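To start, the structure itself, in structure tokens.
Labels run A, B and C following the written order; every chain starts at residue 1.
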Amino acid sequence: MSGPRTASPSLDRAELAALQPLRPADGSRWRGLVLPIAAVFLWWALSRLDLVNSALLVSPGKVAATAWDQIATGRLWRALAASLAREATGFLIGTAAGLVLGALLGLSALANRIVGPSFNTFKQISLFAWIPLISVWFGLGDVAKVVFLSLAALVPVVVNTCDGIRTAPPALLEVARVYGYTRWQTVTEVILPAALPSIFTGVYLALIYSWLATIGAEYLLVAGRGIGNTLVEGSEHFQMDLVIFGMVVIGLVGWLMNALARRLERRLSRFR
Amino acid sequence: MAAERAAAAIGVGGGLRAAPVFLADRPRLRRLADGLLPWLLPAALLALWVAGAERGWISPQVLPPPLFVYETLRDLAVSGDLWLNVSASLQRVLVGFAAGAFIGLALGSAMGLSRRFEAYVLPTFNALVQIPVLGWLPFVLLIVGIGEPLKYILIAKAAMVPVALNTLQGFRQTPVALREVGQVYGYSRRQQVLEIVLPHAVPTLFTGLRLGFTKAWLSLVVVELVASSEGLGYLIVYGRQLFQLDLVMAAVVVVGAIGYAIDRLLDALEAFAKRRQPGAAP
Amino acid sequence: MTETTTAYSNELDIRSLGKRYANTQIEGGELQVLQDIDLHVPAGRFVSIVGASGCGKSTLLRLVLGLDGQYEGRILLDGRPIEGTGPERGIVFQDHRLFPWLTVEQNIAVGLRNAPFTPAQKRELVAEHVALVGLQGFEKSWPHQISGGMAQRVAIARGLVNRPRVLLLDEPFGALDALTRSRLQNELQRIWQKERITMLLVTHDVEEAVFLGDQVVVMQPNPGRIRRIVDVDLPHPRNRSDPRFIHLRDDVLSDFLDVDADASPAALPASPAVPGRLQLAW
């Protein structure tokens, strides 16, 4: 795919492809477990043998105990719920706004020309750099976080929706012309279905970016509860067990979201 | 239709297709008007900004006048502070990226070339990839403290992931057709890898490096926001804490400018690399 | 079936048709793609247009279809000039252009999208045409699940479903393999015999043109002109082994190949004339 870049849709697709866990060519599942099991064993051995004198080297047992504690007292669920609620809100707002803006930029060359370059410039700047400004304008709490998350979700949706619409196959558009499709019919029945795969790429990325942004927001806008806050707390109190636990949870949630999105993608690709 | 597709990125391509009547017969004027269109929005926003600051709609604490921001930027540049922080940031991203890219290439090729290695390593790799850079931060922080290694390690991690995955993809995706040609002409394994697999994988590799650098730059900003005492991210946080939003905005502008410059550079590099491989796999 | 009360003559009349494109690379700045095309297609007839690439035959079709409104001369259907696209002129493209997100029957229904029928009537029409092209059982299949030949049959069904008065076919079988092509040519002939819709076929395959057409319009390029029109007065269904068919085919073919003087096309040979030096006539 050629054309002007800067976080272009082709890069987005490459990024998405990079997110799909590649299966090892030799489908043996057991070999995949060797490394983690060995690592955990080594870890346990090190912590047992007191070779390293550091409060940081917590044993696997301790981590498990902390995990259990967090789950049993409900703290995990509360933190997760808070994070996910915020992410869902930001994701939905950002995706909805992104679809509208992306469709506008895709369908109207004029709008694209006026808004497009500014948008391109804006999305260049690392989103996280905006957080301090956002914190001044919106405070440190949930509102600021949701604003940030919406922006994180908005960008890939706009880019990919616009691209999908603009690259609707001209051959099919001619067919619509031949059969007297009105402009509205052409947009809703030809352009949008043709753009659907790209739109989905955008939404998929929005989901992932908003999750990453959620964690980031909890770091930098510390008011409130969330799984990111759990991590920060762990690091501030030198509680390695809490940190490891938090990392595992974050990884699991990320993986779950990926799996969900992939399932959805497969259903949408029935006709490809 | 190729031109249309090339212009498919946002913001490119004539906006004045249905031109107002008085422009229809004046192609030069029309081109001029078309070139001005992208500036409408920023100009309007700038005007709003200036008006808001002047009329006191917004307190300078919340949104400093553009002039302040410009002056702050100029002062930073003159006093050498800007260069100090920019170089700190650049150094981190370059070292981190180099390390991450190297490890990524090594890992990716190892996994791509040896199925056994891949079978053992890939699942663990996938699992670790699920944890974002910020997720790793407290862990690494507790282990190595808040100094430079923290930044290098995190940026390296961010860069490594796309590089490794794309390298793996590149190595895996050699078409059977080409490999069979190698078989027919009795290519040794070494020849196969160096003369068939590798050249074919180069574009994908490059995409990986490209993505890796973008991620590295992004992670740099994030990490500096959270845990550093110099650098562009630090400037932003510092300005924020002192409520000197002009400093914050100046720093944001610089971050954006550098990011843009890097992107263009990578564009040019990629175009150069791709020139030598027409029609290769994307 | 809804019967129209007025009797249409379904005659296509093309008079002095010409088409020019602006082209800065040519002396004079304009490329004449078609020049002085005079063609009269009586109702219910099958006319083949044959020519090498670049003779403007596809352009001619697009003008008749109404996708391009800028030309010299006149195109009349039933004595009235055509205006843009319309349901009375159907088309089958070379690439089937089925919508990938619609099933076979939904794709055929695209032809009826804005036609004044009730949903029940539309369903009936679609079913009729599925049967017409012999795709019963595949109504719910997706385009990517069926073969190229089947997809082209769906395209033919879509072109016919709203009962056009003229069906235009732009190299409809060009993208298919030789065996499928033969089979579909027979199919098309069968359909035409049954429906007796006026058909205008554009092709570069001389045998196909002679096999299907009542008239063969031979075109030559630079600029696109009609070289001559050959009447094919053979009964339907045509027989490819019929010596008269072969003679006519070679006659038309000779316009494209340089034939030795003693292999005279005028005589009725017992065996097919063997062309001497093969050389393009222009």
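Keep this in mind: a residue touches a chain if its C-beta (ideal position, glycine included) is under 8 Å from a C-beta of that chain, and two chains touch if they have at least 3 such contacts.
Computed from a predicted model, the values in this text were never measured in an experiment.
Least step count on the touch graph, subunit B to subunit C: 2.
The chain pair A-C and the chain pair A-B differ in C-beta contact count, and the higher one is A-B.
Set against the Cα centre of subunit B, the chain with the most distant centre is C.
Inter-chain spacing, taken between the CA centroids of subunit A and subunit C, is 51 Å. Taking each chain's centre as the average of its CA atoms, subunit A and subunit B sit 17 Å apart.
Residue positions of subunit C in touch with at least two other chains are not found. The touching residues of subunit C, when paired with subunit A in their complex, are 65, 67, 85-87, 91, 93, 95, 97, 99-101, 110-111, 113-114, 142-144, 162. Taken in their complex, subunit A has these residues touching subunit B: 1-11, 14-15, 17-18, 21-26, 28-29, 31-36, 39, 56, 105, 109-121, 124-126, 128-133, 135-137, 158-159, 162-163, 166-167, 170, 212, 215-216, 219-220, 228, 231-232, 234-235, 238, 240, 243-244, 246-247, 250-252, 254-255, 258. Within the complex formed with subunit C, the residues of subunit A that make contact are 171-172, 174-175, 177-182, 185, 189-190, 193-194, 196, 270-272.
Against subunit A, in their complex, subunit B makes its touches with residues 1, 4-17, 34, 37-38, 40-42, 61-62, 115-116, 118-124, 126-132, 134-139, 141-143, 161-162, 165-166, 168-169, 172, 207-208, 210-211, 214, 217-218, 221-222, 225-226, 233, 236-237, 239-240, 243, 245, 248-249, 251-252, 255-256, 259-260, 263, 266-267, 270, 282.
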